[in-house]
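Two complexes come next, and they have one chain in common, chain A, joined by chain B in the first and chain C in the second.
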Partner chain A sequence: MIQAIWEQVLNLTLFVVLLRVTVPILLSALGGMISMVGGVVNIGLEGIMLLSAFSSIAVGAATGSWLLGVVAGVIISILVSMLMGFFSIKLKVDIIIVGFAVNILGSGLTIFLMNKIYGLTGNYSPEQLNRIPSIHIPFIEQIPIIGKLLSGHNLMVWVSIIAVFLCLVLLYRTPHGIHLRAVGESPEAAASLGISVDRMQFIALAWSGLFAGLAGAYLSMGMTSMFVKDMTAGTGFIALAVVMLGGSNPVGILIGSLIFGLGSTITTIVQTIPGNQIPSQFVQMIPYVVTILALIILAIRKKKKQLELTSQSTTQS
Partner chain B sequence: MTVLLEMKDIHKVYPNGTKANQGVDLTVHEGEIHALVGENGAGKSTLMKILFGLETPTSGEIRYKGQPVTFQGPRDAIKQGIGMVHQHFMLVPSLTVSENILLGDELRKGFFSLFRDRKRELTEVDQLIQRYTLKVDPQAKVEMISVGQKQRVEILKVLYRGARLIILDEPTAVLTPQETDELFHSMKELVKENYTVIFITHKLREVMEISDRATILRAGKTIETVQTKNSSQEEISKLMVGRNVLFRVEKEEAKPKEPVLKVNHLTVPDDKGLEAIRNVSFQIRAGEIFGFAGVEGNGQTELIEAITGLRKIKSGQIEYLGQDLTEKTVAQIRAMKIGHIPEDRQTTGACLTSTISENLILDCCRAKEYRRGPFLEQKKIKGFSQQMIKDFDIRVQNEDALAGSLSGGNLQKVIIARELSKNPKLLIASQPTRGVDIGAIEFIHREIIKKRDEGTAVLLVSAELSEVINLSDRIGVLYNGEIVAILDNSTPLSEEEIGSYMLGIKRQEQEAVAE
Partner chain C sequence: MNTRKTLTLELTGIIGAALVAILLGIIIIYIVSEEPLTAIQSLLLGPISSAFNIGTVLNKAVPLIFTGLALAIVFQAGVFSMGAEGQLYMGAFVGALAALYIPGLPVWVHLPIIFLAAICAGAIFGAIPGFLKAYLNTDEIVTTLMLNFIAILSTSYFVNNIFKDPASGGYARMQYIASDLRLGRIVEGFTAHYGIIIALATVIVIYLLLYKTKFGYELRMVGQNSRFAHYGGISTKKIIILSVVISGGLAALAGIIEILGVHGTFKDYFSINLGFDGIIIALLARNHPFGVAVAALFYAYLQVGAQLMQGASDVPRELAVIIQVILVLLVSSQAIFTFLRQKYLLRQGR
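Up next is the complex of A and B:
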């Protein structure tokens, strides 16, 4: 059995699966990170992704264009996060409650619409769907190992990697990023210099809507070619765990997403190995065990950092 | 001297009916350091918030450079060249010094000016630092720099935005004496370049030292504006409080009796496990005040925490009336008639989100007299609270106000009322008057001395050396975790004498310290 897994590592199947399952985690975690940096915890990622997954496949199937589908999903996601901003920032409703409301809405509304529009209950898989394309790189494709490493991945894989760099530049190289960080960390300081806290937090939510929207569109039109009710299956919450783990650093988010992606990958691979002896319940525990381990490591690291900080400040004074 | 700023007959009534300013006049000349003094709640901060555009006045007129002005927000004030350094720093800890200075006014470059021009930012900040000799590393993260440096960053922020009139709201409250000296030096340099500084404080020594003129506020009204050099501490304090204030605390000679607290060879670790208190021994007798002098951070905090049970000790004994305290819990220790006024009233001393009366009975809410079965006896608690508010002159509307809404002095009185009303045999007072105005300081000192005369043993720790000298009957000097001297203070010692022990220059013979 170990040997079977090893074989998949060697022939890079594991790597390819890893990329596939990491993309939605990474994209939604980046969204969660930006809103967190701006000082709003977006619990509603799960709901936003579902709404985006549904609207993108609906539009994609109706128009025959995957691009329009993705755009529709992203627009819906940004609108929903603006709605969250309206409730939490303008009406001062607790953002956690608003987030939960969005999650419940996302699950319920997509099931309702699937029934109303298509008359289906469980899942919707349009016969003719233009999926988000995979990128085949000529020539490189032919090279044995490098070909499999670089070529044939879904477009969204590349988008998510670019998104990591985009976030890095955004947060650390632009005034906009500095303002976001300032607003999230000490809103009074930002306000005292004339930076509008409300406006920045709306923008932070819009960013998280954008990324969660991309993640949702990928779920229904890239990773699969159907919409299944509650198909996010906790991805939004795993993304939040990644945000906790990776903090406000996009590279940390990338590493965190890969760790969780690896958990899911191993689950998938073990389950599909013929003659697997391990009860499936145990295998399905892997991502959660990974979550717990990651959080423990995080707690230890945090404590260490705090100790360093106190010792530094005392040696200074 | 040209008049830079005139505020005439400013009134401010808050929506809840509080009259913070009732006819304040303030005239500030260009190029002067103008002190704004008054007790807590006199309306200083409100007035400055109005000037900086954070509050709008209910009525009144502001003239700046001869023109009438109205500010909708800080941005307007900044545009006119008014800058404010707030008492609580407005800095983003994880950003660097230069990022904080430029926040909101970043230098841009590149595609649609989307990017920060970090090179130009650094050179600009460097120039700014050079020009005003406010030394600080522009690339250091703000969370890593000292409080004094943070203040410099705040001043640089204000200067960068082109302020000519700088408001400093109680800038020395968080500084060490050396940092205060440096700040004063910078202020003098700024004034030389014809900047104008408004300096809010209630420390009279600083008013005398640094300001050209001082405007005194009391109860929301301007009392007078004086030329500092023609005035005296006594005069200003009288104007502030409205009556004569005693700087020397009046007290009889102590009549110490039996020892109450004996500390033997005590060693206490700090948060990192290093020895913060090393082999310390002393005794305190009933009816005396034993004061600890020392530069802050020489083990005072750890010593108090060890005695009150908040910190585990490494070795040694703490004996109170024949009982060992080292293995007791905080609740047990408090039940043994030991009162503790903690150094930080906001976090350790009181629960800010509870009412005054809840804070007053925090310690004794388990006692039978305030309980009926599992429930609290509300009527008795109310009576007790009202009595305390009267006895300790706590200035509040009623006992159900939130502790967090009180000014520093009044909150401190709540804590002192709680600790003294249990008639402690040992009272541990740590920074009992920090950040409290003169009137309240005098009151707190009198209460502590009253307890001493009733036979309480008092352990006093204070960063204000004058307070230690004024109150204590004996003084122990802590340096680097050790007692370097125990001095008799029945005739008050001079600050210089104690100072040389505090800085570790002088040291008593070991036998004398061990008694």
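Up next is the complex of A and C:
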């Protein structure tokens, strides 16, 4: 069993699968991170991704263009996140409730539309679909190991890696990023400096819609070529966990996503090994257990730090 | 503004929101359907069109009342738990084991043991995020969501392997529980089982607990202003943990009653988001036990109506989900309710 996994590590299958499954987690987690930085907890990522996955494949199949499909998915996602902003910022609905509502809406509305438009109840796989292309790099493709490491990945793999750097620059090297962080850390202080808190939070939500939209489009048109009801299967919640662990650092988000990606990669590999003894349910459980343990460790460290700080301040005074 | 006036105003707002949501649902039906009248008729009148359907509404409301109460309690304590789904599975699982593997007891001893086993399982499982929240201040939304997956997957493992009835095929379940342990029908020939009576009794118990005891007062204080409650000498940690423990027990009751009343045994993935539906119901009910009962009945009515509509017309039953989402957002909008209150005060002032 260990040997079988090791073989897949050696022939790089594990690496390829890891990239495939990490992309949706990474993209949606980046979305969750940006809204969190702006002080908005977006737990609606799951629903946004489903809406994007459905609308992108619907438009992609109807027009024959994967690009139009992705654009449609992203536009819908940004609109939904704006709507979330309207309800939470203007109508003062708790943002957790709005996110929760978007999750059930995403699940219900996609099933409703799939039934109404295509007359299908379980899944929709169009006969003709131009998927998001994979990038084959000439020459490098031929080199034994490097070829497999760098070439043949889906375009969205590269987009998600670029997105990590984009977020780094956006948050830490631009005035826009500083405003976002200011609003997230101290809304009152930001407002007193003339930054519109409402406007920045709308923008934060739009960013999270953009990234969750890309993740959703990848689910239906890159990773697979179909829409399956509730196909996100908890990816949005895992992304939320990654945000809790990675904080507001895009590199931390990347590492967290890779850890969760690795968990589900091993799940996939273990399940396909013949004569496997470990029940799949327990392997599937690993990411969730790891999240809870990691949250506990983080919380203990934070508590220790606070205790040190208070003891320091008491000795000083 | 006295409390009675506030209550009337809130109720008017909530009922108004329900009407708006249903109206939007009807508009959607008109847009998508070719036989809108049939669809609307079965959605709105179908659930009361026969005794069978009324019984189904009552049965569907039972687990929703329990999960709604479970969440109302934690929400009132200011804990945003999303863990009812997992607690429900744990309760149903352990309760079903108690029903199947404790032999030779008379029913009137066995049945309370089953309920107790289920409640304990849900309460203990619910206590985990409670302790983490109370002592380490970990975010309960994430921990409960993660624990849901853990509960569902581990019970799924056991029902697919160790406790699987060999007679069940791809859809794994345990052996059927003896029929004298199951919750029978209240009236012969009418579909409703005894669960609804237990549920309504529990509503009253929780109402008394929340509004007529010192514990309930402390719990509501912690939820409204935990710092104030703390300075007032209330142990907030104790309240938070007790609230999630009671909540876990209630969610577990939803699970075991669904098993004993409807399914007859523990089935893999039997609860289709009953725990999450409880969140909606608690929100619609403004976390009040009596409101939970009404909201659960309304929700069950809507679900049965949507199911009948899907059978009778070309409108998919997921329309109910859209109506629910609109309703939740409207009812939870503080801006709308503040506006209503101001309007009312202005009119009083004139």
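Heads up, the rule we're going with is that the second predicted complex is superposed on the first by the 296 of 317 C-alpha atoms of A that agree within 3 Å, B and C clash if a C-alpha of one lies under 4 Å from a C-alpha of the other, contacts with A are read in each partner's own complex, and residues count from 1 in each chain.
The rule we apply is simple: a contact is a pair of C-beta atoms (placed from the backbone, for glycine too) under 8 Å apart; a residue touches a chain by one contact, two chains touch by 3 or more.
These numbers were taken from a predicted model, which means no experiment stands behind them.
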* Asked: Looking at the overlay, does A:Leu295 come into contact with chain B only (first), chain C only (second), both, or neither?
  -> second
* Asked: Does chain B (first) or chain C (second) touch A:Ala241, or do both, or does neither?
  -> second
* To do: Would you sort A:Ile195 into first (chain B), second (chain C), both or neither based on which partner it touches?
  => first
* Between chain B (first) and chain C (second), which, if any, makes contact with A:Asp94: first, second, both or neither? -> second
* **Per-residue contact with chain A, leading partner among chain C and chain B** => C
* For A:Phe282, select first, second, both or neither according to whether it touches chain B, chain C, the two together, or no partner. => second
* With the two complexes superposed on chain A, say which partner A:Lys303 touches: chain B (first), chain C (second), both, or neither. => second
* Name the contact category of A:Phe112: first (chain B only), second (chain C only), both, or neither. => second
* **Complex interface listing, chain A residues touching chain B** => 169, 173-176, 178-179, 181-182, 185-186, 188-190, 192-195, 307, 309-314, 316-317
* **In the complex with chain A, residue positions of chain B that touch it** => 73-75, 78, 86, 88-95, 99-100, 103-106, 108, 114-116, 118, 143-146, 157, 271-272, 297
* Structure fact -> The answer for chain C against chain A in the complex is residues 32, 80, 82, 132, 136-139, 141-143, 145-147, 149-150, 153-154, 156-157, 160-161, 276, 279-280, 283, 316, 318-322, 324-325, 328-329, 332-336, 338
* Asked: Given the complex with chain C, which residues does chain A contribute to the contact?
  -> 43, 87, 90-94, 96-98, 100-102, 104-105, 107-109, 111-112, 115-116, 234, 237, 240-241, 244, 279, 281-282, 284-285, 288-289, 291-292, 295-296, 299-300, 303
